[in-house]
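The structures come next, written out as structure tokens.
Same chain, two partners: chain A is paired with chain B first, then with chain C.
Moving on to the complex of A and B:
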């Protein structure tokens, strides 16, 4: 009997974490159901655990030396490459953002445009940051004195819960452009665009470990990152409960993490410099002048 | 000890496709010149004619300026910085993609060694566009006030020593800031600028934003004197720079000039000698010495003079002069017969005035324009070879005893583009940097360039800076 022509049955992707340049499942073996905005099943995402978070910090710390030692020009090129590769996946991102955020694809497209353009905007900052926030200081004495910004280290980012791609990009790009490495906890209910962004990272000359992406609950993993002594800064953007945010900020005080408090954000607005400078240290160097 | 000879290692010419003739690039298309005659561009290494190029006359200049004005008013001026950035990023990527082709073309038309066009010029060209692309949507952060605005149409005239790099230094910041440009490459090196015009087409850059017109001094003069021009940017000789400064007097044109130099390269007795000798060689023989910031006056502390000179001569004996496309060549061809005549003339003056001339034995090719690496010792500050820019592979050596004397001699020049300091002592580097009247001071290195680093001169080396955020200021009203 001849087979009847029918629509091809699609292959569905397994959604995993992105840690140290690889795509592992959660070590805990857990997953959770991700539905689209209308409640239709999309995927089982990995539910990252405390151990996954710690692994991600180790990977981020390992990548920090190399990434922060790259020339600013090179980091700019890599960020621009992210934008190039995202552009090629524009349709995929638009469909995923539409499903995640309950928008039509036509409404999702400008959000994807803005996310890609944001990578380009931050790419350009790589070799300009020091020129704008650094200085040469006219001290009253025979010394040459200058101040240069440097990356603070490993940054934990509790990504926004609502804006699954543009919001994520807006917190991630300013952290890594200056040489920090990042551990991201994605939106719990809208993690899929973030996982696809991980695939972009893996194919954009971003060294493994510079960006680590955990799907799961900020409430569950957040405290472990906030109290982790090898994390230098934390963005609490995705924490919606003020009490929880206060507890995380208090936990972060142990090793004096640089903390960014949650605040209302319009992700389509031009971002300004505050997220860039949030994760910078300033180093001032003195040197005598004389024959 | 026997010496290993180098086998020839030529870079293939097959990668470039040179047309027999080129028009002018005006309003996004190649057009015939209306009132000029064609002229030929030759390879200085072989005197072979590479292509015929159009000379733009006053009517062509006018067309180009009008095209730039229209593009400024209708498209480029009103365009969002974010979109200007995207065009510039495209151009940077296209240059990276076509980098080897452009390097070979540059070496053919200019005579510089492929090692330099490939490893220095082209990477810097792409980097320059990449850097300024990133500024296009960040102008309010550039330190030029809260409301930076473009100037309008920029007339840009560039020299033959770094043809594509000078184009990048001119066009990238101008476009990033929102200006449109009419650029005239040097008469002896028009080909990479014309290839760049093609790149603008590949990038879908709106017509009229970049216009490239070829020709000699008269074309350049007509361009900078055109009434429709808001900004003049010139790199070249101090004599021409002066005449441009005169010609814009009484107009509203904003001007930046990057002119000649006679840099002092100052060696103290505590400098690491081998590293210093490499720096001296790089300072004066890089690009055949066709470098406005070349370290053409070597000032050596007396206590180490004999040792530095002996090692310098030994190092010069290993320099390979010849085919620019050979990957082992250190020194290529002099760019033109005219420039060769000037180098010969000034070198003769050096001998006549009593300085001692030395060159290593080296065979020069029979065809083309060549000059061996040359050092003059026993040079005094009054000698013309210590005062005038030779713009060739000719080094004049003077001595000093104290740091104060080094400063006195280094600053004893109407120029002030660059200087070099070689010493192990950090505090002395900074003291010297404070005393030297020069726009760039290299310490324990020489001839370093980066798009983020401002470059330009004091005194008669011109005014304005290229590179860095200061390079944007030259193209902004604020």
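Moving on to the complex of A and C:
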């Protein structure tokens, strides 16, 4: 029987990766210590290796067919469901973002609000994208000619290093809403909100493999994703060194990946459509009429 | 123990011999297989293992929906597995149903790749001996270099070892010069003791190869089952000096798995068996994974399935 003043034992967590709808340890068996902004121990996180990235790409490719074939309306519902489940964990996210980014919980709450609202905002775009980006093209011939946007495939996202939840959401949501599947490398120093987002994904109707979350170093895993021939696009947002970003861009050119270069961003601003349209292919169909 | 020539002289002696084989330590076999599968094979050893595994593949299609076109595509893949890399070796054989043997034989002419055919009412083996013999003769007449027969598991499990023995011997005769692989269907034999008995039974009856599975029953090939069969061929070699091959079929899909099997082959039967003449993989999707790993070693980055032919 513990006495009244005996301290409860800390539960020192070692988080795992999120790949293919499951939570595996890193294939390498490595982990690293995650501290809060003031240097106090928060948790251990798995340190993903290139082989974890390879497995994640396989999982993402496997999930792509089913996810991109869903109706846009259904994908919108699933994204909205993510927002719902996040709302239920609002306090947890606020505490984690506060610890990771060195803010008070009161300052962190609006960031979590904004992240949740961003999922809702992108959820709304799911079934409106084709109307805005697609077109019916006037052509000089007896054809009904139209262009429709389609998902490009597997998107690798090197998530922002600073904004642990809002930044992550702002790069992830636009990639998956149109039917792509994603392999995310989280912020190295601030991975905890991303890990919790993985737990949200696992419990919110998102099919396994659509979102795969690797905690670890973008410098270590980035080159393997950039040169991977089964990755169709890469967001270099989390790469801070311009030389490194240039090398990744060069590696990505091998199979003509769509590349988004790093740039200073204010995550609280309205995101616009640029990320949403970055990972699309336009399919144009010439359909004979009057025959 | 009777000498091996005597044990096949009557069903009674055969039964006494098979039931007198030492039992397999199940926990030991599984632990040994698990230990062997932790070996780390890297760089040049890995490159060697990948190429060897490709050379050991019986590229297989055994579906009701197989068409001559599918078999032609498979044969083209067998001849040149990686169109982008002419250094990729050829596979050992193409394995098809008897009615498609002629198509495969024609497509593979001049390549040195064998045509293997399943026979004897594959996969269940539930047919009369006359039909099984005729099935085998048809396959061989159409040009099959290798015949994969199934044993009568019902007879084996009810203890009619003589019947199983006679059937294998009859198919052995019907197959003529063709290489005879005897499928034990270990997924239906239930115990490792039965796998060991069936392995010995098949070898005594004249098998050139013993093969784990049809691929139609789960579990198909597993590492411990393959280990037990490799021990049997090793012991048979010690007793008679003859080399019998082993084929693992079904469920081996990744290069990583294939390398685990090669390690087990080397450590159990010995380096003699690291040869397409004595060890085979029955597989189809395994080939693309081996090719992707091979490309990864050569180029330093991960390739994607889009860059390889369909299987």
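The criterion applied here is as follows: the second predicted complex is superposed on the first by the 277 of 291 C-alpha atoms of A that agree within 3 Å, B and C clash if a C-alpha of one lies under 4 Å from a C-alpha of the other, contacts with A are read in each partner's own complex, and residues count from 1 in each chain.
By our rule, a contact is a pair of C-beta atoms (placed from the backbone, for glycine too) under 8 Å apart; a residue touches a chain by one contact, two chains touch by 3 or more.
Keep in mind the model is a prediction, meaning the values are calculated, not measured.
Peer 1: Evaluate whether chain B and chain C can sit on chain A together after superposition, giving fit or clash.
Peer 2: By the criteria stated at the top, chain C and chain B fit after superposition, with no clash.
Peer 1: Check the residue A:241 against both partner chains and state whether it touches chain B (first), chain C (second), both, or neither.
Peer 2: neither
Peer 1: Tell me which partner touches more residues of chain A in the superposed arrangement, chain B or chain C.
Peer 2: Result: the larger residue contact count on chain A belongs to B.
Peer 1: Have a look at where A:131 lands relative to chain B and chain C in the superposition and call it first, second, both or neither.
Peer 2: In the superposition, A:131 contacts chain B only.
Peer 1: Under the superposition described above, what is the C-alpha centre angle at chain A formed with chain B and chain C, rounded in steps of 10 degrees?
Peer 2: Result: 100 degrees at the vertex chain A.
Peer 1: Touching A:121 in the superposition: chain B (first), chain C (second), both, neither?
Peer 2: A:121: touches chain B, not chain C.
Peer 1: Taking the superposition as given, does A:281 touch the first partner, chain B, the second, chain C, both, or neither?
Peer 2: After superposing on A, A:281 lies clear of both chain B and chain C.
Peer 1: Looking at the overlay, what does A:91 touch: chain B (first), chain C (second), both, or neither?
Peer 2: neither
Peer 1: Please give the least Cα distance, whole angstrom, that chain B and chain C reach in the superposed model.
Peer 2: Once the two complexes are overlaid, chain B and chain C approach no closer than 28 Å between C-alpha atoms.
Peer 1: Using the superposition on chain A as set up above, list the residues of chain A that contact both chain B and chain C.
Peer 2: Overlap of chain B and chain C footprints on chain A: empty.
Peer 1: Any idea which chain B residues touch chain A in the complex?
Peer 2: 82, 85-86, 89, 127, 130-131, 133-138, 141, 143, 403, 426-428, 430-431, 434, 451-452, 468-469
Peer 1: Quick check: in the complex, which residue numbers of chain C touch chain A?
Peer 2: Residue positions touching the partner: 300-307.
Peer 1: Inside the complex, what are the residues of chain A that reach chain B?
Peer 2: Where chain A meets chain B, its residues are 72-73, 76-77, 80, 117, 120-121, 123-128, 131-132, 144, 273, 287-291.
Peer 1: For chain A, which residues count as touching chain C in their complex?
Peer 2: Contact set of chain A toward chain C: 54, 57, 61, 224, 227-231, 251, 254-255.
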